[in-house]
Structure formats: structure tokens, C-alpha cells
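This is the structure, below, for whatever I ask next.
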Amino acid sequence: MIRIGVFVCWCGSNIAGTVDVGKVAEESAKMPGVVHVEQNKYTCSDPGQDSIRKAIKEHRLDRVVVAACSPRMHEMTFRKCAASAGLNQYLVEMANIREHCSWVHSDMSVATPKAVDIVRRAVAKVKRSVPLFPSTIPVEKRALVIGGGIAGIQAALDIAEAGYEVTIVEREPTIGGRMAQLDKTFPTLDCSSCILTPKMVDAASHPGIRILTCSEVEDISGYVGNFQVRLRKRARSIDEARCTACGICISKCPTSRDSEFNMGLGTRKAIYMPFPQAVPNKPTIDREICRHFTEGKCGICQKVCPSGAVDFSQEDQVLNEKFGAVVAATGATQFSVEAYGEYGYGRYPDVITGLELERLISSTGPTDGKIRRPSDGRIPRTVVFIKCVGSRDENKGYPYCSKACCMYTAKHAILLKEKIPGASAYVFYMDVRAGGKDYEEFYQRSQEIGTRYVRGRVSRIYPLDGKLIVQGEDTLLGQRVEVEADLVVLAAAMVPQIDAPEMARKLGISYNQYGFFSEAHPKLRPVETNTAGVFLAGTCQGPKDIPETVAQASAAAVKVISLFAKSELTTNPNVASVDESLCSGCLWCMNVCPYKAIEEKIITERAGKETVTRSVASVNTGLCQGCGACTVACRDGAMNLLGFTNEQILAEVEALCL
Amino acid sequence: MSLDWQPKIVGFTCNWCSYAGADLAGTSRMSYPASVRIIRVPCSGRINPVFVIRAFQRGADGVLVAGCHPGDCHYSTGNMYARRRFQVARRFMEYLGMDPARLEIHWISASEGQKFQEVIRNMTDRIRAMGPNRKMREIL
Amino acid sequence: MNDLREQLREAVASAFSQGRVRSFVCLEKGFYPFASIPAILHSGSEADRVQLGLSDAPLLAKYLLDAPKPAGIVVRQCDALGVSRLIRDRRVKREDLYIVSVSCPGVVDTAKIPVSPYQITALENAGDALLVHTALGRTELPWASVLLDRCLSCVSGSASPDADVVLEGEKEKLPAPVDYSGIDKVEHMTPDERYAMWEKEFAKCIRCFACRNACPACSCRKCSLDLAEPEWLSPAVTLPEQFMFHFTRAYHVAGRCVGCGECERACPVGLPLMKLNRKFTRDIETLFGVDDARIPRDVEVLGTFLPDDPEEFC
Amino acid sequence: MGYAYYPGCSLHGTAKEYDMSSRACLDFLGIEYRELPDWSCCGASSAHSVDHTLAVSLPARNLILAEQMNLPLMTPCTACYSRLRGAHHALRSDPGLARKVLTALGSEYKGRYEPLSILDVLYQYGPEAVGEKVTKKLKELKVACYYGCLLLRPPEYADFDDPENPGKMERLVETTGARAVDWPHRTECCGASLSLSDTKLVVSLATFIVDMAARHGAECIVTACPMCQANLDMRQRGRTKLPVYYVTELLGLAFGLEPKRLGLTTHMVNAMGLLRAKQLA
Amino acid sequence: MLHIPKHKLLSLLEHASGSWQVFCPSRQGPTVNFGWFEGMVDPDLIPVNSCKGAFLPQTEELFTYRGTPETGLSLAAGVDEQKPVLVFFARPCDARAFTLLDRVFLEGEYADDRYKNRRARSVVVTVGCKSPLDTCFCTAFGIGPDSKAGSDVFVYDDGTSLYFEPLTEEGAGFVSSHSAYLTEGGTPVSVMEELRRAELPLAGRISVEGMAEALDSMFDDPVWEKMSARCRGCGACTYLCPTCHCFSVFDAPRGVRGKRYRSWDSCQFSDFMLMAGGHNPRPTRKERVRQRFMHKFNYSVKRQGDYLCVGCGRCIRACSVGLHAASALFDLKEAGRCKGC
């Protein structure tokens, strides 16, 4: 037997001023299921709440309607109150007769009947409410940081500093990421490795941080607080414990190939360290080219190693571990500029990308910091920079702005003049975007030292008599320009890692049309994702420069920390639930679920004489956030949303229309 | 139709934007006709077009469907589904003879109390001019 | 034609003999010799019952739901669409099916033949004409004039490729484009005229659910419209409920309707149900396009979205 | 199988030799083709500057004719290629327009086959296969392959090859033993459409293109476009004059076909001289 | 005999509708359907639906209520139209079907008073079947184009005029009350002859001889499996059948008010027999199809002494997969014979 109690609030004169509360109470008493009605001056006050507790006991109420303010204001208050009287808190419904009624109407004769309708709605709904029970889930207080770039390093350090264990997974042989490849950083021109390498060392030496290089995430299951992660640690062929990083093996190794770290401008050995300050500071054997593995011959490194650290027999390790939170810091990569046939990258050696120039400028680079053009090693006198290569271009690249290019091109121009006095620099640009502290000043400086900024696109580059003829248009002067350049530098856009979508699927998060991971809310939840417990840091979420990346990394860390600060999580019980007897198993719901909370489940049941198995949808209440999109996608009405069931909503509609 | 006649408008609003928008209209005392009655759902993606027909059946003169602006959905994509569903469902209801002005879909954010007020005002005026809805309506 | 039937018979028989199927969904001669009816065969010995179904052939796809698996089925294009619908709705698994696909010149609607079924001794497909043989002699009717409505907007008369066996007849009908003129007409009416029109139509509806039960896109284990709680649809057959019924039916197949028109064929009181289904089909096409590369094939149009979908709300 | 062959207007006039050499090559390679019966003008290059529906309907008519033959439509002329593909693309992407055109032409276009350029056809036949048929190697002949605009732009539908850095024509030409020089102006516009309205400009463009070809060591230019051919052939005023051949002419030559049969004798810039000098004809 | 030129018929009905609720066939787009008179009538074509709706509406209100258990309930019986029912242009099969429905709703322990009210003061005007359809086989049940059973007035249609032959007091009453529209004289002999001689090709193929007895032993016959395999489980056959009469009762609560209705229901629907506990005595098509035909050709014979089928052929025309009374009788006969040998 349903026994509903209705508590009509005066809210002083806020409600009683425009709504005839007495009348509302009187009408409420006539509603089906209502057995008790009372009025309070301030229902949210202690005496008000006491009267609810009392009434629940005295009148054996099993449902409560509070006709007062907005549920966004006091729903929690009254739920707690009911709970303290032993009533399941989800059997409380609020009728918003203040914000939606008394405050927007002045005429009591219209406000009162409306208030009655609003109460009727609440009564009709609560009548069909059922007790709900939030479940609590434990939190594994270990964080997984995917990606060992500056974002990952920063996040890891912050989390570890708060006293929680962190594991960094990096697929390269060293952490450091893109930043390690840079020479100087804008706008202060302090050297990149000088500020990065100390952080790398901090991370490596921090007791709370474990670094897994040459490692990748293979699979992630579970949900916030309880992620099951399968990691693969590729064989390094080096016993890291024994290796002293003396480097003899490297110097003796006979095989070499283009160095990834130097963007193919230099070479590295088959046993190698990407760069001298690598962390961990241990070499790795590239089994693809190492003769021992390709031809079964060689083994020099093993012979020369004084500490016997070379171990050809080493095998990949698969680690299954549990984490409570994941920070995705997988970074971005460089747009493949071959798409611009007119620039001739790949065909003309002296057309290079910004990152390649960084290596040419860097003292750890292939030219020991001397800018020489790849074709003939000559010092370039005239250099043309082309911006927005792959960015702000729907046709050949992406429509978005790559954000960092304007500044690093300005930086390149400045560094060029420093390194090659008298050299001249042209920058072909569409706009200069120098938003950021000290950025505009920095860009101005690059102009002051004589960099020529040409507003327009380049239409074609072709070699002629040892030079590169750069044809373009100066849209400000409205005329064609032709520059005879020695070197052309393309400011290639930052684009998502090729395997970003795959990683997103593993993480169960969404990504935008380009492949950048999507944050939960563009403004208000910038580092969270749709999957609780998974956070974003750095360029995997969108193009960023270093300051922004670091800031976001720390933000993500804070989210992890505040999650770990709780001993256990209570889940919202207003989640989707499936009536398996109705479900036809079309799994349309699976497609619309933004949280990957619905999976297929095979059930066995008796059908007449035989037992049959069929598949139905099943909701992972840990992942479901209760949006209800699935309920509308469900044709057979098998999918329902607890707290907002079809039965309840249909009843509300009816109640309002009576 | 006499001007004192009060149309009955059922408003489905998502909890995070539009319901909050209506709250804001209240806290800022922006008055509007007492025509609308709100049903709170978590997300516009929860609103089944069939609910709209049911409202007309039971005697609603108009129905308002409101959610977060596309891109701002609390659940990131719910309103995107709502948009598709209602673009076709609304066309179909009109195809069955429903008067276009009786169903309105709006994106109202938590900060747009004023927009909520305007929407209700305009909608009420339009429906007043048309008079009570008889189509699809059951007689009791 | 006949040798096609012979091939078909053999295909069915061998499917059983090779143990490929436990049952076979096909057409057979009905009570009226020229009205084919569905049959579910359970052994190769029954293969002789198989008919091509030159006339009045009902669609077979839905019989796969209950046919013992692995199940064979004979499909023309219209049925092939129904089968793939069921597969996409995960009501049957492709690997449980053995699909024999036949080309089809269109199916004769005996109701369109101005001769009593008793007088018909034979029907013959003579290229562009149907020859109706009776005791009194032979009548020749233009082919297009005697076809089922669904054939007039058929997507293709040829056998569907992704079948296990493909049997091509001599003649392939050139597909006609879907005719939306009926819908245009309704769209050009005023809301009141439209309402009046549908009121009149729905008043005829006896809620027998023939349309739903015939529809390959309506394959829910239990239709939500049959539920008592929540009561989406009241058993009361009143106009408001008729609107609810026909809205929900059409909305639930929106973007999923395969356009076979079996609902219309099954409707005993002749409601223009395709006028409802096609309205959705066309709106969806024009609003969201049929195939956007960004949307995976197996995702339903209303089960997905694109950030740059047309925006008409504000 | 085979193709429906659409010569288009140019090939019946200024570009006769292109028609001759195309048919000659197709015959020689044994590629089946039937001239599209009752074909009509594709509307290039005026229709699309006047009326979109018209610009689609004109080519659509020919596309439909071909579809009724159940054959893919193929044309040597790049302007026709551009229009046909434009229409094909428009009809498939815009149901509204398709309905309009349907009512205009009375029959529907399903778009079962993509309209092709003769280069596509030769390419589908395969450069290797073509090479095997070569009887007379055009050794030492240095050619600049010139694509112009219509084969490559707009890339949405005129997508014969990479719009900025194409290479298919080179691969075809090199099967004849000739050497295709690498030069950056393969996709430059020759300005043909302004040939009459702004001759001065066009002369400078044409001359520039030919000079660049020469400076990169080319002895002649090869193209697949009647407009480009006529324009470069007529308007070049450079120091060195380069003959401008159609791909099919060179291929024909390499197949050992009669220069006359290929129309090689009808060029502005003497086309035979170079060939004789190299004992290729 | 009293007669009226066909074109004057409408005016007669207009007048009749003053004192009667008229239920008659009228053209609805492509088809002709029975329905309450709205200024249109079509005497020529055989309607798609039967006219059982005149006495057993598809949905009817039983009563309305008000109040809540807490405040107490008040009932108000659904009001009946005061006017008596006039069924116009029933077919002989339809008229006969009324007599079968009467046995169900009027005879026996309980009479259904709502049916009774409508029926009691009603008049059934039947028109002779001049052009039966290929799907008609009423003669198999001893009915014919000129059968009078269940009719109060019989009408002969000679193409230009309609001749009225009263059969009962009520019938005579109706005719006389409309004599103003009718003129005396003539008997449509040729039409009567025509009706008597009318041949129903289908009836030739079907005989119900001993069907009831045969079915006694066929409850578990495999034929049911075979027949039902193609059934789509819709209710077209039962809803259009003039003799099917199952209904279900349900409430439509609206806040403190509500109505109790009853609506037709169909034994072919999967959840027709579904019980609260979830048990379904007729879980598959086989049981449901068997029930339908056993009821028509066996149970009813035992209970009321007659087949519950009048050979109107509506199920034949309605079923999209050719599963109907005729095919059933045919298949069952076959199966029965096989048992014999």
C-alpha cells in the first residue's frame, strides 16, 4: 500500500506570498496515494526536517513529496532527512513550486493551480519510485600515466608528491618525449634539455614513481578506482641492473640506421641510446636491424660489454596490474607534410620541417648545432619559413590551428639570425597568433631583428640551379613573390598519434573528428573524460605549447589525487537497467552510450522444451552515468533509467495534463 | 480565443542546463505566463518523442523540449541524439497533422534564464492564438 | 523460369543433403494455385514443394526468427533486404543462415488480374507481358500493370550477391526509382487537411498488428506496444490511440525500414502505411544523408550523430 | 566488358589527331570500346559558368546513355572528363539535384560506374602490359609530361592523380623507353580558357611553361588535354620551340604505328622533326 | 413488394438515422467498410469487415469511475445510445453470424446486457448476394445468397431498385415506418431466381461433412504444426470474422477519474492467454492456430451445435499468408483422410 506524505513549504513569504499554500495542501490531500499533508514555514529548517521525520514514523509514510524549492537547491537535504528517518532516500521527490512558480508569477489565482499541478506531478512520480541503493566501490590508489613526455612526467611527479604510487608507461626507450628533441623554448629561449632533464631525473629517482620504457598498454578493462591493465614490456636485450651505460657497446656496434630522435638527419647504431641524457640511461638493442637477430651473426656488443649486461635471450614481459586512475599523456605527432606536393618535401632535401630544424640547431644534433642544409652541408644564407602546413587547411590538412607554430617559427627565425649572422629569413604566414604571456613581445622581437613576414601562402617550390625557388603571394601587396632560398622550413601541424583512436578505444573515451581525445566538458571539465577515472594531459587532447601542457598535467594530477583522497566511491544509483525478458539484443543502446557502459551478455533460458542462449544488453553500473540516451534508443522498452523510468515520466505527463 | 485562457504546455527539460535555466529565471524573478509545467529529465537524450504524443493525447496544448546547447551536454553527446531524433520526429508529427507551433525544441543553458522566459512567453502567445489543441487528444 | 525453379529445388535439396541446414524457408503453392504461401521445410524430401512464387509471394525473412538453425532461405532482393535487416538487428546470425538468392522479374499480384483465380489455368511471364491462360483462352496484360506495388519501386531485380547460392533468371527488371509523389501531396496539405486525412485512414485501422507482424524491421521479442506497464499504447481502439500506434510503429522503423512494403500488403483494410515509412526515409536522407563515410556501416542513422548535423533548433 | 567511348567536340575538330591516336592505341592494345551512340556536348567549358543544373544535365545525358549500355564511360578529352566526373559526383551527392535532372531527362542515373579518362583506361590496362606491347623504343627522347588543370582539379572529383605531385603520366610514357624529366610545372595552368580574351597573358604563361620544360632538359612536351596541346603548340614564343604531343601519339609511335595514322603531321610546332632527328620516325 | 429506386436510398437512410443508429457499408477510398452511417452508403460491394461491430463495438466503455480508495469510489455505467440499432445491408452470412453471436451473448446462464440492449431493439436489413466473390463459400454451411436466417428484412437488388421483404414484426415495423419512401408493386422474380441458382465455385472444393467428429481425434495431429508454421500471429482473421467475439477488459485511470473499457481481443495474439504469473498455456503459433480452428469447427459444434464459421471468406481475403478457414478446412480434411487410410 502506497502511503505518500506531502510537505508544502511556505518558504516564508517566498512561496506563501504568491501561492495559496493552504489550498495546495488541501488539493494534495485528494491525490491518489496521499495519506498525509502538512505545511511548514521553512521545511528545510531543523524544525521543518524534524516534522518530516516525525510524520514518516507516525503515518508510516513510504513516499515523501516536498513541495518547496528547486531540487537543485535542497533535494540532497531532504533525501538525507528522509534517510535519517529510515526511509530510502530515493523515495523522496521534490515539487519545485518556488523557482518554477511563486517566483515567476504574481497572481495567486494562476500560481496556486499551477502549484497544485506541480505537486500532482511529483506525487504521480514518487508513487512509481522504488528504493535505490548506491553501491560503494573501493579505490586502488595507484595511478597509471600513459606517455613519458613532459605532460606525463609532470603529472607523475605531482601525483607521487601527494604520496601515491605512479607508473609511467613509455613506448620509446627513454622518457622525455618531444620536448627532448627541442633546442630552445619560447618565449624565454632557455634551453629545452636544461629544464627537462632535471625533471626526467627527478621522476626516475622518485621512490613513488616507476618508469616502464619500451612498454605499451595492451588492454584496459574495469572502471574508476578499479582498472585492470595489461602492459607489455618489450625486451631491451639489456640487463638494466648490470649496465653501467659506459657506451662501449654502442661505439663498437657495426650496424646503424637513421636516428628517429634526430628526425632521420643523423644515424644511430643498432644498440643505441636515443640521446645522451636518456632516462633510463641504458642502451637498447633494435632487433629489427641488429645482425645478431637478423643474421644470427655478430654479438660484438656482448663481447665488449665489461659488465655482461647484454642479454640477447631477454623476452617481452606481460604485466597485469590494477590501477585506480589513468592519465592519458600520449602526446601528438607531426603532420606528414608530403601531403603538400607543391612544397616538394621528400623530393627536395633542403625542404625540412620545424622539428628537423630543431635538431639542426641543437648542439646534441647531427651537425653539432651548426645549421647546415641537408643536401650539401652548406650554410644557408636565405631561409624561408612556411606556417600552417597541415593546420587551418581543410583541403590538405586539418581545419584547426596548431597553436604552437607561430611562436616556434618566430623562435627559429631568431635562432637563425643568432647562429648565422647576416642570414635572411622570410616567413609566409596567414595570421600571427601570439596569445600568451610575453608571446607578442617575442614575435615583435623576431620582426625587429629583420625577419620578413609575408602574409600569404606558397603555391610552389622548385629547385633551380642549386637554389629553391619559392613562389607565393603577398596578399597585403597583392602581388606574386618569388624568393630564392637555400633552405625551406615547414611549420608542420601537431596532429594526433596515428594510433590515438585505438588508444581511445582501450580507454573507453571518445575522440574528436581529428583523433584528439575529448574532454568531458570543453569549459568546465577540461581534464576529465567521459570515463570516470580517466584524465587527459598534454597534446593528446589538442595542440598545446609547453606551459599549457604542464599546467594541464598538474590539473590532471590534482583530479587523480582528489579521487585517491576518498577511501571508496559511492556510485550514483540512477543508472540504466535492462529488463532481460524484453531485450531483443539489438544492442542499439551500446552505440549511443557515451560511456561504453553497455556490453553484450549471453544468457541461457528455457524456451518451451529446449534451453536456448541469446544475447542481451547489460549495464556496467560502474561506468553508467545515467544520461538515459539508451532508453530512447531501445525500441522494445527493455532499457530503463532508474529514477527516471518510462513509467514515471509517462505518469508525470499524465498528471500534468489532468 | 479569449486572452485569459491559459494554455497547458508540458516542458521536458534536461537537469543540467534547461532546468537550471528555468531555476535562474525564477531566482531572477523573471515572470512569464503560468502555462508551462516542467518535467525534469537528466538529459535531452532521455526524452522519447513518444512522450510528446502522449502529452498531446492527455490534453497538452503545447510541448517544449529543452536541452543543453549542442557541444555543452553534461553527458557530452545526449543532445546530439536528441537533435537527430526530434528533427525527424517533429517533421513526422507535422506530417500527421500536428500544428508546427505546438512543439518547440530549444537549447537553453543554465545561464539563459532570460531565454527561458522569452521562449515561454512567445510559445504561450502563439498557442493562445491557436486555441486549445484538439488533435490526437482523448476525451474523458 | 521453370528451370530456375528446378535449380532452386536442387539447391534446397542439396543444402539438406550436405547438412548445411536443418530447415528451409521458402514459398510453396497455396490453397489458391496461383497464390504462393510461405513454407518451412524440414527435410530434403520436401524440396519438391519449393516454388519460385511468380505471384502473390509474401516476404519470408521473418520466418528465420523461429526456423531451426542453421536455416536456409530463398530470397529475392526485397527479402534479401529483410534478411540483412534482421542480421543488423542481431535477431539472426549470418553464419546460421544459408541464403539462396534468386533474380526476380517482379511478383504478380493476382488481385490485379481481372480474372477469377478459378478460371486461371496457367500464368506465364512473357517478357514485358503476363500471359493469363484460362479455359476460354489467353489474356495478355502489360507486365508492370499486374505487379505487386513493392515491385514498382524495387531496388534491383537481380539476385543479391552476398548469398551462398546465386540463381540468375533470364530477365532482370530495370529498377524504378522510389516514388515520393504521394508524400509530396500530403506535405503540401495544410496541417488540418493532413490531420483529417490520417484521421479517416486510422479510423479504418482495426489494430490487428498485421503491419507490425509482417515487418522485417519489427522483430522485437516482445513489442513495447503489447506491454501493460508502462502502457505505451492503450488497448482502447480510439483515434488518439490510433495516432499513438501509427506514430510509434513508424518511428520505431524510421531509418531501418527496408522499403519492402509488406506492411501495406499485409494490411487487411488497405492503409497507405508506406506513406508513413517513406516520409521518415526521405527526411532522414535529406537531413543526414544516406551514407556518410564517417559513420560505420552497421550503425543506425538515428543511433548516431555528427557534430555538424544540420541545426534547426535554437 | 569494354568501355563506351566519348570523343567530345574537340576531338572532332581541333584535336582530330588526339581522336585518331586514341582509337589507334585502343585498337592496338585490343581494348574493347564502342563510341557512345548519339552522344551530345558535355557543356564544357561554358555551361557551368551559366547554370548548374544545365551543367550537370548535359553530361548526365551521356552518362545515362552509357549506363544503359551497361558500360563505363571513357573519354580522352580532359575537359569532358572534368565535366562528366563533376556531374557524376553532383548527382550522387545531391538527391535534390538528382531528382531535378531525373525529371529533365526522364530517366534516372544510378552512377554504377565512374566516368574515366583514357589515361585511367591505359593505366588500368597497366603500364607493364603497355610496355610489353612496345615494339619501337623511343630511346633518348626526353619528355616533359604536362598535366594542366582539368585532370587534377578540383581534387574532389577530378582525381586522376595527386593534384600537386602527379606521376601516372610519367609512368605510362616511360614504358615507351622515353625519359620523363622531373620538372615542377607539370600542373601549372596554361590559361587556355583565356586564349582569345587575353592572348598576351596566355602567351606568357605558355612560353614560361615551355621554357621551364626546356630548362629541365625536356625535348618535347606530352599532354592529354586538347586545350593545353592547342594552346602550348600555338602560343609558345620561347627561344627553343618544343613540339607538344598527345600521350597517345607517343604510345602509338612506340607501338610502331604509322605517324600519319596518329595525326603527327598536323601539329603547329613541327612534330616530326625531332622524331626524325632521333630516328624515331 | 415495396421497393425504392437505388438513388433514393440515401434519403431513406437520412430519415432512418433520425430514429436509429444506422450501421451500413460505405466506400472508404479503395475499399468498402461497415461503419456508423455518415451520409454515405454502398449496397454493391461486399465490405472488408463484418458488421459485428454494430452490436459488439471494437472498443466500448463499460463504466466510468471517480475518486480514490482513500476518498471512496463512485461508478457511473457507460451510457448507451438511446436509439435502437439498424444494420443496413448486412449480407446473408453476416445475418446468420448474428444468430451465432446471440447464442454466445444471450443464451446460457449469463446474458451480456450491453450486447443485449443493442440487439434487443435492433433491426437487421440484409441484401441478397448478387455477385458473391471467389472467396465466398457460405453454401458450405447451408447458407446462401438468399438465406434469411438472422434477418428482419430482406432486400432484393435488381440493379435499379431495391425490393424490401419484411421477415419479422420488427422488420415489418421498420418498413412501414418508412413507407413514405417506398412504392408498392412488383416482385423481383428474376433476382430471386438468380440468387437461388447462384454458384459458389469455392464451396465446391470444401465440405464440412463430419469435420467436427474428425477433429475430435486430431488435437495432436501434426497437421497443426504444418498449418501454423506460416502464421504471422496478427489478428486480421479474427477481427474481420463475423463470428469471432473474444474481448478483453481493462481500465484507463486518469488521476482520480477513470474508465473501464472492453476491446476485441484475438486468440492469435501471443499474449492472449498470458497469465499474471507469466505462464502461457498457448505458447506457440501451433496452439493458437489450433485453438482458432478447433473452436470454430469443433468446440462450438459441441457447445452451441453449430460451426462458428459462415463462409463469408473475409479471413481468406485478409490473410497475407493464405492461412484461413478454407485452407484450414481443406488441410484438415486431407489430414483426416490420411488418418483414415
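Per-chain numbering from 1; labels A, B, C, D and E assigned in written order.
The definition used in the following text is that a contact is a pair of C-beta atoms (placed from the backbone, for glycine too) under 8 Å apart; a residue touches a chain by one contact, two chains touch by 3 or more.
Just so it is clear, the structure is predicted and the values come from calculations on it, not from any experiment.
Student: Count of steps on the shortest touching-chain route from chain C to chain E?
Tutor: 1
Student: Give me the set of chains touching chain D intersected with the set touching chain E.
Tutor: A, C
Student: I want to compare two interfaces, B-E and A-D. Which one has more contacting C-beta pairs?
Tutor: Per the contact counts, A-D leads.
Student: Let me check something: if the centre of a chain is the mean of its CA atoms, which chain is farthest from chain A?
Tutor: E
Student: What whole-Å value do you get for the distance between chain B and chain C if each is reduced to the mean of its CA atoms?
Tutor: The separation of the two C-alpha centroids amounts to 37 Å.
Student: Any idea how many Å lie between the Cα centroids of chain A and chain E?
Tutor: Here chain A and chain E have centroids separated by 68 Å.
Student: From the mean C-alpha coordinate of chain A to that of chain C, what's the distance rounded to whole Å?
Tutor: Measuring from centre to centre gives 46 Å for this pair.
Student: Specify, in ascending order, the residues of chain C that touch 2 or more different other chains.
Tutor: 232, 238, 302-304, 307, in rising order.
Student: What residues in chain D touch two or more of the other chains?
Tutor: none
Student: Got the chain A residues that touch at least 2 other chains?
Tutor: 592, 633, 646, 650, 654, 658 - these are the residues of chain A that touch more than one other chain.
Student: What are all the touching pairs of chains?
Tutor: Contact pairs between chains: A-B, A-C, A-D, A-E, B-C, B-E, C-D, C-E.
Student: Help me check something: in the complex, which residues belonging to chain E touch chain B?
Tutor: These residues of chain E touch chain B: 254, 257, 259.
Student: Flag every residue of chain E that touches chain C in the complex, lowest number first.
Tutor: Residues of chain E touching chain C: 28-31, 33, 35, 48-49, 58-59, 134, 201-202, 229-230, 232-236, 238-240, 248, 250, 252, 261, 263-266, 269-271, 317-318, 320-324, 326-327, 330.
Student: Which residues of chain A touch chain C in their complex?
Tutor: Answer in residue numbers: 512-513, 581-588, 591-592, 615, 633, 635-637, 645-647, 650.
Student: Once bound in the complex, which stretches of chain B touch chain C?
Tutor: Going through chain B, the ones touching chain C are 49-50, 53-54, 57, 70-71, 77, 80-81, 83-89, 91-100, 105-107, 135-138.
Student: Please name which positions on chain B make contact with chain E in the complex.
Tutor: Residues in contact with chain E: 58, 140.
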